[in-house]
Amino acid sequence: MTRRYFPPAEGGPPPLRVEVSRQVRFEEVDPLAIVWHGRYPSFFEDARVALCDRHGIGYLTCHENGFVTPIRKMHVDYFRPLRFHERFTIEAILHWTEAARIDMEFILRNEAREVTTTGYTVQMMLTTSASSTDDTILLIPPPYYRAFLDRWKSGALA
Amino acid sequence: MTRRYFPPAEGGPPPLRVEVSRQVRFEEVDPLAIVWHGRYPSFFEDARVALCDRHGIGYLTCHENGFVTPIRKMHVDYFRPLRFHERFTIEAILHWTEAARIDMEFILRNEAREVTTTGYTVQMMLTTSASSTDDTILLIPPPYYRAFLDRWKSGALA
Amino acid sequence: MTRRYFPPAEGGPPPLRVEVSRQVRFEEVDPLAIVWHGRYPSFFEDARVALCDRHGIGYLTCHENGFVTPIRKMHVDYFRPLRFHERFTIEAILHWTEAARIDMEFILRNEAREVTTTGYTVQMMLTTSASSTDDTILLIPPPYYRAFLDRWKSGALA
Amino acid sequence: MTRRYFPPAEGGPPPLRVEVSRQVRFEEVDPLAIVWHGRYPSFFEDARVALCDRHGIGYLTCHENGFVTPIRKMHVDYFRPLRFHERFTIEAILHWTEAARIDMEFILRNEAREVTTTGYTVQMMLTTSASSTDDTILLIPPPYYRAFLDRWKSGALA
């Protein structure tokens, strides 16, 4: 049921994966008794944060190293609803690229391990400056992120 | 800057368009001082509701007529940020299809009328029943929606 | 630093307590880099749901037993901010009353166990009916909730 | 039905009032088909922002003048539910005080002009600094806000 959102990266290392779990909150459910479609970016973010934290590329660390990674593109495919109180998992899958971007895929599964939702986000990289109007889009990853890519490629993160 | 999300519908009437305006709320802005990417589904929904209300195909009316139209797919492309207090417009563009689906495109513009964000949603149609587990996916639009399509095609909504 | 929101219930059993933990999400933080004040009802709800689930008086169970418990009153006192990524706990404290109401106090603590926020909610009890316009406010707890009160008073829940 | 949240300010000018209108969004409605109680801080904020903007004491202006006004206390009393698509108004009422605080009351009314919800917030004043850990609580209003108080007391804002 899942789609291939990113082409396989030839010569690159296998993707990095992290799975987190969450339970549907009352406030996330709409009058149809299912999770409102606009809540899923928050679900994706939980898994994104967990994966980035594990590998030292979280928001705060990147910011301290002079760059931020805003979302450039987001896509969600909804297959099955989630209901109040239901437990589900969110898997984030970071795909390899040498470009100054972060390609991440997401797979949500219910307690029966059925895929309920999939999607992806693409993040770009910007240098940070005192004035946000002077932020510059990076074409190649900054040294801090490049070092992470090198560790990944070397197999140290597997 | 905008993309063509839906192919032109040959032989179909031109799209229906509605534009609403909104102002960025404090709570919608993240620590980077821009609107958090996950708020945009709410922005899309404002324009969707306005367009559907204008043409009598809003959630409540559809529900009274025995069907609902959950989101099956959502996509957002982020080009420029929106900041606290900024006014912006959201245009919803309903594209023609005879299938049991709703293809809607969205264009956000800032006060300078620059495109900040675009995206689309695809909705499917389900019959409603007392038990939500008995909902059935519709392959052709129900009579109520078919009548709307006929008015649209006849030019009565232009 | 905490206040006494509810007077001690003379002759009643001690309060029931449940503590849950949570981590501040990026989307919950405002341009001042602290959690936006309007997110705290969601934090309270996490602890409320955990406490109610533990004792069989959660939303779904009550609904199946013919009543709902909407919020009638909410209060929050903010002492210290919470910041992005910070871990914190939310303690829900259910105070004894024989009336058809739910008096719950909340205490949030940061990782240093400092109290950051306190508050309370009061819920009333309504019978549910096919038409929500026929809902009736209950003056005494329904039998299902009365049985819970009896278990609590007997010490079985301590 | 409304309560007196703040004692009358003897010798002070009458309160300042602004009313805004809003329509219930689909995403704000819970499985009980009424607005989830935790959305009301957002409703209060819309009226707060409108009142503060009108009088030049909005967030951005205060920030430029070296202080911020975080929420110290929030209270909500829920009398009647709001339902999907319903239009309602939010009145913000700023009560006089010479202290370094902002005492604001809120009254929500449905289309029948029935009071559905009331509440209040208390804001304190902090100086802003490069490091948020050096923020200092103000005991008397800063000059910029004091000038606003003087205009208010003189009757210029009536």
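In this document, chain identifiers A, B, C and D correspond to the written order of the chains, with residue numbering beginning at 1 in each.
Going forward, a contact is a pair of C-beta atoms (placed from the backbone, for glycine too) under 8 Å apart; a residue touches a chain by one contact, two chains touch by 3 or more.
What you are looking at is a predicted structure, and each value in this text was computed from that prediction instead of being measured.
Chains that touch both chain A and chain D are the following: B, C.
Averaging C-alpha coordinates per chain and comparing to chain D, the farthest chain turns out to be A.
Separating the centre of chain B from that of chain D, both taken as means of CA atoms, is a distance of 32 Å.
Taking the mean of the C-alpha atoms as each chain's centre, chain A and chain B sit 25 Å apart.
For the pair chain B and chain C, the distance between C-alpha centroids works out to 37 Å.
Counting partner chains per residue, chain B shows two or more touched chains at residues 26-27, 33, 38, 42, 45, 84.
Interface residues of chain A facing chain B in the complex, by the touch rule stated above, are 32-34, 37-38, 41-42, 45, 68, 70-78, 81, 121, 132.
Contact residues on chain A toward chain D in their complex (touch as defined above): 26-27, 29-31, 33, 36, 38, 84. By the touch rule above, chain D contacts chain B in their complex via residues 25-27, 42, 45-46, 49, 58-60, 84-85.
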